[in-house]
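In this document, chain identifiers A, B, C and D correspond to the written order of the chains, with residue numbering beginning at 1 in each.
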């Protein structure tokens, strides 16, 4: 009985965390999957999101405005970074290096501004309910709900708006996009900004649940990349599914095995998948 | 005499789209074959299949009696097929000499002397002895194409595949390239860089009819007709194509 | 080279001057400067190992720390089992090369961003495994290396000698026909394959040589500091090698050493106040290099040199 | 003093850049001893994971040296502080150790808080014959990995466990579940605590390892067997401890169960949050002045005033919270150096053996120089023993609930020097 409750808890908890992971992954999916820019700095946008949420909450005395303000600020940071790196964004190696530079700069800035000590943001909703015999905070449910709304909005933007159409078309055939009058450089900037904003939103949402440190971005970015590649570049729903699956599998593996071994096993699984999956670029629709 | 190259029922499907369907073709030793056809007919694809860059979905491909259809790309070059692609191929960050050396050294990686001799001869053949230290990115388009030809010859191939080798090149240089092909095909078997066969794709019909012994006409992935330049002109589809491209 | 014999001579001379200067450095310097220079040479060899696969063969790997860590531990165990320094270093080279073959054979299956990711995840995995196996690695707390230490200056000349050896071997390799194939693969892998080369084989070979060099750096580092820990596997060591190489100039033998020297030196000279913003500085430097000077310092020097010397493009590899 | 050091190294740098190699020769090399100041080096975490500790360690060492210089220095010589940032990284820490000894000419080095840095520095202390005072708590530092130049005046992981387990068993409960960081520090701590527990007849209900940098403690805490556990022992550091405590509260584990943390769990953290309330933990020294034992109060007042710590355990200038369990160590180590040097008449390298002899077995009483209280450094392995406290979070503040004497922490030496 105890075991069943543990597994059920693990599943549900995994899904809730997986949705946050899906949100940040979808941001990378726009930047890397659709635009083809290898953005190593994506984790840092997430980290900046969490720090800014903490900072703004303390300044304003309430958490909620951060939900709108932070994605806007981080999105702007993204546009700025893309603008700087425009000359090299088509070259995979150079954009890895350039965005790694952005990572170091952002992480260093956070360290200088706010120090290395872990920050804690009090949850805006304190109430919790009982889930399989243990308490579970309402805020987590709310955070997952906001993430889902954001993911649906992203889907809407990509599939139903003119901007989304252009975003999806721009990499397929850059020449054609130019010919049809779309300002290609702007599509890249805005797309990058949109992706960064999603990472920022994800950072904001997790801020009341985690310890906020400058290193949190580096800890997550490899996982996010793996999810986007494994799910197939540019496929929003695949990445969401993979993020949740990854989170659940990791949760269960680390719960029932020695956690570090569980982590190792998860990484090996994903690595094998990464190496032996048919090339997602050619199998694109 | 046995055929140098023979293909039977060659077909290629990509994402459910048929690019080539059931192409049969033979190339006799010493023969120069031109391939013509409208855009999108599958000319370049045919050459890429012959060069090993693409793998056919159906059909078989034999070179000197050896079945090549299952072999990896690099072995085509080793077995005597060289390929000049539609876009200039020299390594842009390397010098002319390094490009030639890279192409020439493959079979004899550590016999520096023989490689060096070959590189010298190639540089002379294309009249670039003075430019060996120039980095490719600084060459003109025509020079790059000429270098492509030399690199293709470096492995001393039996068969050369050339995809529009003279397109975009000024008349003089284009003429030089065509002359070089002719010379090498007609040369004695013991001359360096002698070619046993040549298949080329070309839009310029003057070049095609001047250079080729036989011409094949591709349309919509099928080899519609093949024959001597004289005979092929009479064929309905070809005649129509030629009249539409009067001023090519 | 055909006509460049004069240039080769000039380049050799240009390389001999700093090599000699470094060689006599301990005669004039304090012990700390010698220790620092020793460390810089080791980092230079480490960066060089990265340069071989990135600057020459065109593969952006974040997995160099794997070999660094393995090299350090192989040396530690070699010394613990009293095999002697020479034999231990040979073991380090062999294990690095072997591991390079294995990891290379797996990693070359993918390219571009996926290659970067596979090597990065590889490093993360090795780090986790090292942390998890304290019986072997000592985990975070690490192990002490039993030393037959002969003093700062003796150690310097040992590292200097090995570093020179590593640089020379690399120079010979990149100048050899094999090195030309590496550079062709970097330029256009498909095209090299078309010319008949088994490019994956060459990429694996490049990985193996690089693994041996990175392992050597790790071994030397462990030998110099007398301490190894699971931390050596952390990919941030790989990232350092990447940054040093890009700053110094990738695709050159001197670049990695120059980059490692400059950044180590800058970092060492920064006061505590400035030390805090060092990562920001390096981040902005990296962005600037990538968009402004992809050739790094050596590239810049070459460009300046070709302006001043009659505009003839130089391609020396020192 | 600090400014002087900084400007020297910057000048050094510019010279090397500007006039090439030769000019630095003048600055290199080791100074002669005649009338020069006595130099104490400090390896300090200014950046990286333990930067919160480093901030205080630097203040503490600086204050101690300032005070000693006002009192006329050590054996008539002025004391100079040199320090370097380890970035909480053993490789960098090892380089800092080299620099402090070889370039800055440190005669003594006070070590880092980071065990990895300490272990990497231990062989260097021996190589250069420089007495080294590590602060990191890995037991091996004064055990099989130590050497005769290494003196640790503060507790090791083993000493903490030895001193604390009895109190926890007697006061909180005998059936424990341990949640611990799955890397070196956590692993060795869990081994020590649980072996003392089981040897004394307690029961280890569960052992739950958590990988470093875990954000989601849910699945791990779900494994805690609530019915059978009296005490939830948390052996985690910094961000992980914070994340764990919050989730413990959210999941309702604090009800009907006592929570006990190691020294790292709430060190330098603001404990005014729901998850921390009621938590017990061990500490070497009280965070707040009110909790300092009567006989040490006057020393504590002077010590806090010198370092710049308010009676509430915060920096009055910026509100930073002190790492009360550790920040006294650099201060006291400076005083240990003074005590030993004055008593043996140390002048330089050739007096090294005499110095080592007078440090080994040294006993001190509570004083301004040793505000933490009486303690001694054991001759056999150079490990120090002192009193330890149990503290609890009450109304958002850390209050002392018990004091444990130095003898409680004493264990058999792991190896003898």
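Definition applied: a contact is a pair of C-beta atoms (placed from the backbone, for glycine too) under 8 Å apart; a residue touches a chain by one contact, two chains touch by 3 or more.
Given the structure is predicted, the values throughout are model-derived calculations rather than measurements.
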Task: Per-chain CA centroid nearest to the all-protein CA mean - done: C
Open item on the list: Can you work out the whole-Å distance between the CA centroids of subunit A and subunit B?
Closed with: 49
Task: subunit A and subunit D, separation of their C-alpha mean positions in angstrom - done: 38
Open item on the list: Counting only Cα atoms for the centres, state how far subunit B is from subunit D in Å.
Closed with: 74
TODO: Would you mind pulling out the distance in Å between where the CA atoms of subunit B average out and where those of subunit C do?
DONE: 42
Task: Residue numbers of subunit A (touch at least two other chains) - done: 111, 258, 260, 263
- [ ] Note the residues in subunit D that touch 2 or more other chains, in rising order.
- [x] 47, 182, 211
Task: In subunit B, residues with contacts to at least two other chains - done: none
TODO: Identify every two-chain combination in which the chains touch.
DONE: A-C, A-D, B-C, C-D
Task: Contacting residues of subunit A [partner subunit C, same complex] - done: 32, 38, 84-85, 87-88, 92-94, 96-98, 100-109, 111-112, 222, 225-226, 229, 258, 260-261, 263-264, 267-268, 270-271, 274-276
TODO: In the complex, go through subunit D and note every residue touching subunit C.
DONE: 5-6, 9-10, 12-13, 16, 21-22, 24-25, 27-30, 46-47, 83-85, 89-91, 94-95, 98-99, 101-103, 115-116, 119-120, 122-124, 127, 138, 140, 145, 182-185, 187-188, 211-212
Task: Of all residues in subunit C, those that touch subunit B in their complex - done: 2-4, 177-178, 180-181, 183-184, 186-188, 190-199, 313, 315
Task: In the complex, subunit A residues that touch subunit D - done: 2, 5-6, 9-10, 13-14, 17, 111, 115-118, 120, 122, 126, 128, 130, 134-137, 206, 209-211, 213, 215-216, 219, 251-252, 254-255, 258-260, 263
Open item on the list: Could you list, by residue number, the parts of subunit B that touch subunit C in their complex?
Closed with: 51-53, 73-75, 77-78, 83, 85, 89, 91-95, 97-98, 101-103, 105-107, 109-110, 112, 115, 132-135, 138, 151, 155
